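When the chains are written out, they are named A, B, C and D in that same order, and each has its own residue count from 1.
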Amino acid sequence: MSVTILFLGPLRDLAGEQEREVAAPLDWKGLLEAVGPEIAEQLGEERVNVACKGKVLADKRTLHAEDGDEVALLPPVSGG
Amino acid sequence: MSVGEALAAFNAAHDGAGGVVSFLGKVRPEGGVKALELSHYEPLTLPGMQDLAEQARERFDLAGVLAWHRIGVMKPGEAIVLVATAARHRRNAFEAADFLMDHLKSAAWLWKRERRDDGWHWIEPRDQDHEDLARWN
Amino acid sequence: MSVGEALAAFNAAHDGAGGVVSFLGKVRPEGGVKALELSHYEPLTLPGMQDLAEQARERFDLAGVLAWHRIGVMKPGEAIVLVATAARHRRNAFEAADFLMDHLKSAAWLWKRERRDDGWHWIEPRDQDHEDLARWN
Amino acid sequence: MSVTILFLGPLRDLAGEQEREVAAPLDWKGLLEAVGPEIAEQLGEERVNVACKGKVLADKRTLHAEDGDEVALLPPVSGG
């Protein structure tokens, strides 16, 4: 009965790990608590996105992850 | 498959197109950069690139599109990204390659960091990159 | 030297440039075109292309330029022209390749004719080609 | 004591030959006479240029070709 939180890009450094298992189910409030204040602050920023089960949420505050789901925290990107 | 082999295959596959444009992006050996690391989130990154290529194909009436992006650690001089576009008219091929690169730089699910003498630094797109992207809206 | 070999050599020669853009123009197998013939006047054509490449190098701050143009008779699908540009930033490399092609199309000492079912026809640049060229003035 | 006139591109078809030897020296008036009325009419157009000894003349009416010189008649170009 767990959800996997993935930390992408610079959030991985802030988290000090690439992923973390937390208890299912997980909503927005639960996520903010699970990741700690520093990452919670980042999540408050518009330009940080959240994906659940491989889909980016149009409104991350509607997060509802269940057992076995993967939640990815997506900071601003840069490629090329 | 090397960059040269990929381009040769792409050219051969699009014999009927009047023009083929390619862009190859490499790690620049400057600013004390020792290495570059690109990371991705496969469930989003790959479908996102496929969707981007399809957008380019429709918008610029392309005969073909190639979009490659490496992940992992790369050294100065090494290739990071390769795009190629084939079209009936050269302007379309040029614009499509430009469009693809602007999106891969600042609107694809990729994260880049540089290793300099004092360690790793995460890179965000420059203001110029955001302006380049905004041209297509 | 094939197109692929030329591009590979150009890439290798410009390791330090962040971006390399190439354009390959081919004979389009359409409109009943059986063959294309390009003719030149060497005392003007070659110095003219060298001058054009040098203009592009200065204007777009390039690390390197390649500009090839074939002459003689070519069949559909065959390469006619190849340009490549290497620059620190991708926008410069894109613009320089675009600039080179616009000039090679309608401002280089080359004359093109097409063979269709009813014989050979001399081709003049389209209005679009003249407009494309005028962008750089 | 001759000048070579070269017909480039479509002018080659009009001339029916690639080059023609004419008596030196050759000036603008002599050129118009040497090439015949059809090509003379083309030469009257601004977009048709004349080169002498491998240099395009800024004003083709100043042509002055001497023995051994090559005069090239350059109609509108198209490459790529």
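Operating definition for what follows: a contact is a pair of C-beta atoms (placed from the backbone, for glycine too) under 8 Å apart; a residue touches a chain by one contact, two chains touch by 3 or more.
Predicted model only: the values in this text are computed from it and were never measured.
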| item | value |
| --- | --- |
| Inter-centroid spacing, subunit B versus subunit A (mean Cα positions, whole Å) | 27 |
| Distance from the mean Cα position of subunit C to that of subunit A, given in whole angstrom | 49 |
| Residues of subunit D touching at least two other chains | 80 |
| Subunit C: positions in contact with at least two other chains | 25, 90, 101 |
| Touch-based graph of the chains, sorted into line, ring, star, complete or other | line |
| Interchain contacts, given as pairs of chains that touch | A-B, B-C, C-D |
| Footprint of subunit A on subunit B - complex, ascending | 25, 38-39, 41, 43-44, 69, 80-81, 101, 104-113, 122-125, 129 |
| For the subunit B and subunit C complex, residues of the former touching the latter | 2-5, 7-8, 11, 15-26, 28-30, 76-77, 88, 90-91, 93-94, 97-98, 101, 128, 132 |
| Subunit C partner contacts - residues on subunit D that touch it in the complex | 6, 8-10, 13, 51, 54, 56, 70, 72, 74-80 |
